[in-house]
Amino acid sequence: MSACYNIQNRLLGDGHFWIVAGPCSVESAEQMERIAQSVARAGGQVLRGGAFKPRTSPHDFQGLGVSGLALLKEAAEKYGLLTVSEVMGSEEIPVVSDFVDILQVGSRNMQNFSLLKQLGKSRKPVLLKRGFSATYHEWLMAAEYILEGGNPEVILCERGIRTFEPSLRNTLDLAAVPYLRTLTHLPIIVDPSHATGLRTLVPALSQAVVAVKADGLMIEIHPDPDSSLSDAAQTLSLEAFEALIPVLKKLGSVLGVKV
Amino acid sequence: MSACYNIQNRLLGDGHFWIVAGPCSVESAEQMERIAQSVARAGGQVLRGGAFKPRTSPHDFQGLGVSGLALLKEAAEKYGLLTVSEVMGSEEIPVVSDFVDILQVGSRNMQNFSLLKQLGKSRKPVLLKRGFSATYHEWLMAAEYILEGGNPEVILCERGIRTFEPSLRNTLDLAAVPYLRTLTHLPIIVDPSHATGLRTLVPALSQAVVAVKADGLMIEIHPDPDSSLSDAAQTLSLEAFEALIPVLKKLGSVLGVKV
Amino acid sequence: MSACYNIQNRLLGDGHFWIVAGPCSVESAEQMERIAQSVARAGGQVLRGGAFKPRTSPHDFQGLGVSGLALLKEAAEKYGLLTVSEVMGSEEIPVVSDFVDILQVGSRNMQNFSLLKQLGKSRKPVLLKRGFSATYHEWLMAAEYILEGGNPEVILCERGIRTFEPSLRNTLDLAAVPYLRTLTHLPIIVDPSHATGLRTLVPALSQAVVAVKADGLMIEIHPDPDSSLSDAAQTLSLEAFEALIPVLKKLGSVLGVKV
Amino acid sequence: MSACYNIQNRLLGDGHFWIVAGPCSVESAEQMERIAQSVARAGGQVLRGGAFKPRTSPHDFQGLGVSGLALLKEAAEKYGLLTVSEVMGSEEIPVVSDFVDILQVGSRNMQNFSLLKQLGKSRKPVLLKRGFSATYHEWLMAAEYILEGGNPEVILCERGIRTFEPSLRNTLDLAAVPYLRTLTHLPIIVDPSHATGLRTLVPALSQAVVAVKADGLMIEIHPDPDSSLSDAAQTLSLEAFEALIPVLKKLGSVLGVKV
């Protein structure tokens, strides 16, 4: 079992399972309002939403920036949710910290050691996504950069690795959860949305996330998935999301996991 | 949902979940007796055991051959179980068919087209393991070689793919199950033993196999795992195996899967 | 340096570099005549051509079989060339041996241990292609199956490995050549056609094959590449092939390699 | 052919081949003096040396920092060489720019978009190493971040990709050179030291780098390789380095490449 974190009076780890949900990109107040309401109704703990977006091409939508963070915070506060959003460089740490409870490091930045060192000096918990081709050892050493800097609250997030399979965006590596349990006390959550890139696969894999007794689920949802400004194909509708959670709760109760 | 096969009065697929268990290699009558008893006690359907073994090195133990098949069959019949064992070349099909109910094609032979064509002429169901670096498309086309030959009963078996991660034997690809559901009616079972190579990970991943609603679980067990002639590190003890099955049954009941 | 083989009075290895060229599939007498003439004119040693073809789908062209082998042999004899063609199963060894000087094991069959064991009893040299996801160790152990059976003449052939890159068919691993030199005396040739799948890349990579001092080059050529029945995109025209060879000879002379 | 850059009166690209050599880490004035002398004697253009080092573990040697940069610059100026060194975060751009002619982005930072955007505003050429699991498309898009920011001089550097092979550090992808020629005008150099991790393989692969007509070679050298503070196994001695260059020049002259 992992350590148990108390983040703003929400327990994570040691049997306390988190639902972290939200859109790929923050788009509008109305979008965030509807999503936050859905997450709260489903019993989720954290609202996610990208404001500074790491995109392969400089010509793709780069996110709303600070105004997106404000929309994220506003919606979360209204429904009593925590917030998480990505910070892409050291220079963004102060501004993102003003709006979110948890700072996210994206997959492409897992070995951005300058950023990791600065996050070691932060007082905010850090959600560290696995590099899409990182070994377990590299991932733990990336966490070590943050821990060694004096920040004890790192949350690992498995989000799929790059393989030769062309049909899916990545290959979700669920063995990471029980294997890392033998090496670290850090809580581990899983993101099946980025791992597959296909929303039809997300419910089954979310069930598997509970089944391997991970500490949480990170999932992309949207009131109108097909109109998402990014990652449309992998985003679940609010209805599908809300239908999934009761199933996860039942599976969790079999295994002693409090979803 | 997959098709439902009736193999010797045992239903597989369409909600009927199989437990296929046994040692990596058939070693002795006493070993097989104890394992078969355990599989039957746990409510399993099929006894597995290798007799013709595909080994990376010609200097490694190559299996007991025909005498191993006889031990497999004897133990299975005593406890009312079906049998499955690997056939490595066309020339072995007749002799293996004399002893087993289901013919297995191993991962390294997934694209042994000569073998697949001959299996298309067999009247025995074929368990087709995924090549350790095969795409979904290649795997389905390998099945197509058997189906096109006139043999309609192919069972797919996900067993992990080769990635860059050095800590584990392979990376289990559970997304294969819900994804292939959208492409094929063939039943899909999952082997977490070969996928990880570490017995401590097998229970959690077996739970995940039920959670993604696969059609069965293939698992290596042994009365004394550390003394196994092959694959010792990934083999579960009979006690651990029998403790796992009731958990799988409970998870299955949440999801409408009859384990 | 590798061992030096004398195959039908043609030296291979220890500085003697082979050009092995021909079509993916044998198609007609006229096609083979034109290709054999081109290979001989360029100073090549071996005519290649597929007759029993391993194809991902059973619905793809499967090769001309025995009549293809006859066309291969006829064209090669007219121009004083050796022949190589693939054998896909043990049952084909006798018939293929009647027509060719060197038996080829394809990438998908590298760990078809039944086939390897039978080839160990053959008196024909064996060209063993690397499995598309085989480690160096597995490749050498596959060769060991043949050597241990009593057949001393194995030729290794690097043909690219499967990676995450979608643009090319495979990733050519030229480091295999100098690295395997430290582990084995077996000659190593390289196939840049299958490794890339794109004919425009073949000349540059063929130059690199000489530069790493491999023992030979295996290359797909055709009088009218775009009309090839298989692998059209990666096949060089006879003109491009014949223009390439003098460049390889000059590079070889710098390095003490007799192209 | 690529574009031709004129960097401090040194031509790169369009047939002008660069030798970029130096130690993994700058260690001392004496070390740098000896290496710079060797690079100049061999006819090289650029002295490399790490001062801010990206290391998997925070407990590994992190480089000498600014004092290392000063040693690099001093040695290079004495022998009329250009300099290149890695910049790991936006905050380091000014200080590294004070000492080097070319700013290097390391493999792990290839998709550090904050850093790339800042480098787009720099007036120094940027050497962009390929991410160890980056596709060609992602690599070109990373370059696009710099180009779009207004910095026209990007040099691509292939340095091996991560595969399943455990024997070598990475798999060198030489097909990248001719393939990218069809997509971009940017010069492409190749680093066989990081690509293999084994110094015995570096000469053969360096020859192959010329053979595919890359625009340059980046190579790790040290007066006493086994005592290197980092990357000892892959570092060539000065003697081996100086013996290699004349061979590269001869190969280049066959192909119209001015080494």
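By written order: A, B, C and D. Residues from 1 in each chain.
Here is the rule we go by: a residue touches a chain if its C-beta (ideal position, glycine included) is under 8 Å from a C-beta of that chain, and two chains touch if they have at least 3 such contacts.
For clarity, every value in this text was computed on a predicted model and none was experimentally measured.
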Chain D reached from chain B - shortest hop count over touching chains: 1
A-C or A-B, whichever has more C-beta pairs in contact: A-B
Chain A and chain B: spacing of chain centres that average the CA atoms, whole Å: 35
Whole-Å gap separating chain A and chain C, where each centre is the average of the chain's CA atoms: 49
Touching two or more other chains - residues of chain A: 133, 137, 162-164, 166
Residues of chain A touching chain B in the complex: 133, 135-137, 161, 163-168, 171-175, 177-179, 182, 195-196, 198, 200-201, 204-205, 207-208, 210-213, 247, 250-251, 254-255
Contact footprint of chain A on chain D as seen in their complex: 54-59, 88-92, 108-109, 111-115, 117, 132-133, 137-138, 141, 144-145, 148, 162
Parts of chain C lying in touch with chain A, wherever the complex brings them together: 133, 162-164, 166
